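Read through the structures below before going on.
You will see two complexes here that share chain A, one where it goes with chain B and one where it goes with chain C.
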Partner chain A sequence: MEILYQNLSNIELQHVIMWVIGGILIYLAIAKEMEPTLLLPMGFGAILVNLPIAEADSGVQAVIDFLFKIGIDSHELFPLLLFVGIGAMIDFEPLLTNPKLMLFGAAAQFGIFFTLLMASFFFPELKDAASIAIIGAADGPTSIFVAGQLQSNYIGAIMVAAYSYMALVPLVQPPIIKLCTTKKERLIRMPYKGKKVSKLTKILFPIVVTVIVALVAPDAVALIGFLMFGNLIRECGVLNSLSDTAQNVLANLITIFLGITIAARMKAEDFLQWQTLLIMGLGLVAFIVDTFGGIMLAKIMNLFSKEKINPMIGAAGISAFPMSARVVHKLGLEEDSSNFLLMHSIGVNVSGQIASVIAGGLILALVKGILGM
Partner chain B sequence: MHEFIMNIGRAVINFFCSIDTANLTDAVSIMGIGMLGIFIVTGVIILTVLLLNKLFSR
Partner chain C sequence: MNNFIVALVGYAVVFLGIVLLMIVVTIIGKFFSAKAKKAAPAPVVTPVEEAPVPAAPTAPGSAGELKLHDVEPKTAAMLMAIVADKLGKPLNELRFISIKEVK
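== the complex of A and B ==
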């Protein structure tokens, strides 16, 4: 009876607030189906690590801390393994048939660097500003990897912002796309020339990209290496069962533990700070500027190109695979029910996946160079 | 009311005075080099894909 009273008396307002936040994440995951694979474990984890009993050596905290230590803190094992699964899921064919789509993926990383500039106003430590900026990669594993490598103090809030906005892409992007484009631009048709890509090209692509990125941005080699390894398993044609395992079993298994592990950094004392709200705001800025960057490049290219590009596809360079491509395709259909932009937007979307990893590697190299890490 | 507005003004001035310009300079240089770097790497990848397509197209 005394223990019961002790536990009840340990409950503080900040715990209750974190339970509510956990509850909201679970609600969004179940009722709104927003990134349920991550928001649900994160929501439950947020409740779990903020139970007063958990603080009193119940073992729960120790296990979650251990998962964090081996899965994120030591060598970012979880995000890297997840990238094997993501690589196995991605079909680069739309990109290989029209490689210039990669430029949109590059342009849509502008949000990362713009947010870095904004974050440096509010966060005195460059490593924190850079970790917050990488929310703009719109790619959970890259955000975890960079924030983990830079040992940011705000990794919990960064993860929540990154995954929340990825889930909110269908709500965040359409108004920005409509604001940045005219109706005439949105009606531009882009016939898909489905050129056949040889199997050898598909096999060589992941190997070549890994080598190129490793030479220019060595800090991104782990991310791009694991992503492309997964893709090589998919494309080689002789490891179908491994490809299937990577896409389903491995990705699901890691996702379960990743969500609950991130919750290790959602303890009330770390999470309930004014900086968390600021990080959420900066994350939104990153996504908006990413979208803007991709669209603007398409508009600029249209000034010089005979074959006009529908600027909406530039918005898919935000990574957030495959939601962003679907959003663009849906918007295209809303304007003209016979305008199919899916293959183009998928091509831009997968290029955004590669570009976000390159951006992460460059941020790491540049920030570590400045800080002497 | 006057005091309240003065306090907000002071807070704004304090905020701008507290901005670390060294950090800002670093951020601007990272922005420039970073965007340039992405486009260079992307350009190299595009050229490589074009080459692969040319070499191994059926």
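== the complex of A and C ==
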């Protein structure tokens, strides 16, 4: 009879807390539709790895650990493959018609570097502070890649924070944007000059970006290379079926496994620490400062430019694609129902994607150099 | 101190990299658009046989693929944004072929 109730006696309070956390993630995914593709597998995985079963008896644990080993621990395979799909989804045309928008992508990485300084007050190890700061990249795969390469002790909490805040962009950004801009600024119209971009330019773009990023931030080559490979498949015009597969089948498959694999680092003993709450707080700071950085650059540019820029588009420089662009577009419409900012904000948003990868690569290079990794 | 250096150098180099990219992309864009203009054949004057049918105006940002029939570009842009929003999909993943006002 003992075999029937022995697992009941193994239940501990920390397991129950993790089930509740898993349940909350599943609730947010289903009821609030917040990044359901990741929060749902993560939530279920959090329950799965915290069942009161002795590890030796649990095949589940072994499988999830194996997925973690091959998908994240060993060369960050999953985030890189996911980047192929993301690259195939992105249309860089709005950016190519107005390359000036790229600057906002750079400005909106301010949160990463500000958070690095903040995190160093609480986390003495540079590798942890840097991994936490990269939540500000607003880019799940980049966060996983950097935290994995730096072998941070808090990879589980970092992943949860990164994906949660990406999902919360529609809640986090609007109040910050409104706080940092005046009504007059939010009403600024930006006519869209829909210049035609040649096919050759679109094909050359991913190749040129890869080469330049390799020169500036060699550690970001894997990320940018896979992202741009996906984009080249999309733009070349002769691989439509591969592009379709990358955008849908590949991205969906990897997302399923990525979500549940992240749960490997959500075991109660690793996750239930006061540092997890701190990481969530620092992640929020990173997103807020990113938004602030993008808006401020637009305001500065307006001091010198004849053609005024709606400062709200600066906020789309965080790379949460395409949520951030949509948020800015909606806020523009709220102020003036005929002010369409979508094409500009999408341009800024995709530049944020590139800038966040460069920032991730630089953080990696600098931290590895300092720590001699 | 290390953290401060990483933050400062990192942010500066991100800007440097992006500015470099911006310059290269601008040059490439200008080069190819100039080349395309040169390559475009000079208009040949031919006797008018029949009046050409005016093409329907295209909407902004549609890359010339969207045909508008009795619809203002502004209205079309708004419709596309609404459809994208309702579907929960980014505009660049949707393809609009034509928009026609039903009278």
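By definition in this document, the second predicted complex is superposed on the first by the 371 of 373 C-alpha atoms of A that agree within 3 Å, B and C clash if a C-alpha of one lies under 4 Å from a C-alpha of the other, contacts with A are read in each partner's own complex, and residues count from 1 in each chain.
Going forward, a contact is a pair of C-beta atoms (placed from the backbone, for glycine too) under 8 Å apart; a residue touches a chain by one contact, two chains touch by 3 or more.
Every value quoted in this text rests on a predicted model; they were computed, and no experiment measured them.
Visitor: Of the two partner chains, chain B (first) and chain C (second), which one does A:P124 touch, if any: first, second, both, or neither?
Guide: The first partner, chain B, only.
Visitor: Would you sort A:A138 into first (chain B), second (chain C), both or neither based on which partner it touches?
Guide: neither
Visitor: Based on the superposed arrangement, let me know which partner A:L250 touches: chain B (first), chain C (second), both, or neither?
Guide: Neither partner.
Visitor: Just chain B (first), just chain C (second), both, or neither: which does A:I47 touch?
Guide: Neither: A:I47 stays clear of chain B and chain C.
Visitor: Who contacts more of chain A, chain B or chain C?
Guide: With both complexes superposed on chain A, more residues of chain A are touched by C.
Visitor: A:P322 contacts which: chain B (first), chain C (second), both, neither?
Guide: second
Visitor: In the superposed view, which residues of chain A touch chain B and also chain C?
Guide: The answer is residues 95-96, 99-100, 102-103, 105-106, 109-110, 112-114, 116-117, 120, 126, 129-130, 195-198, 200-201, 204-205, 208-209, 212-213, 216-217, 351, 354-355, 358-359, 362-363, 366-367, 370 of chain A.
Visitor: What residues on chain A touch chain C, complex-wise?
Guide: 89-91, 93-96, 99-100, 102-103, 105-107, 109-110, 112-114, 116-117, 120, 126, 129-130, 192, 194-198, 200-201, 204-205, 208-209, 212-213, 216-217, 321-322, 325-326, 329-330, 333, 338, 340, 342-343, 346, 351, 354-355, 358-359, 362-363, 366-367, 370
Visitor: List the residues on chain A that touch chain B in their complex, please.
Guide: 95-96, 99-100, 102-103, 105-106, 109-110, 112-114, 116-117, 119-121, 124, 126, 129-130, 195-198, 200-201, 204-205, 208-209, 212-213, 216-217, 351, 354-355, 358-359, 362-363, 366-367, 370
Visitor: Contact residues on chain C for chain A in the complex?
Guide: Residues 2-11, 13-22, 24-26, 28-29, 32-33, 36, 60-64, 74, 77-78, 81, 85, 90-93.
Visitor: In the complex formed with chain A, which residues of chain B make contact?
Guide: Going by the criterion above, the answer is residues 19-20, 23-24, 26-31, 33-35, 37-42, 44-46, 48-50, 52-53, 56-58.
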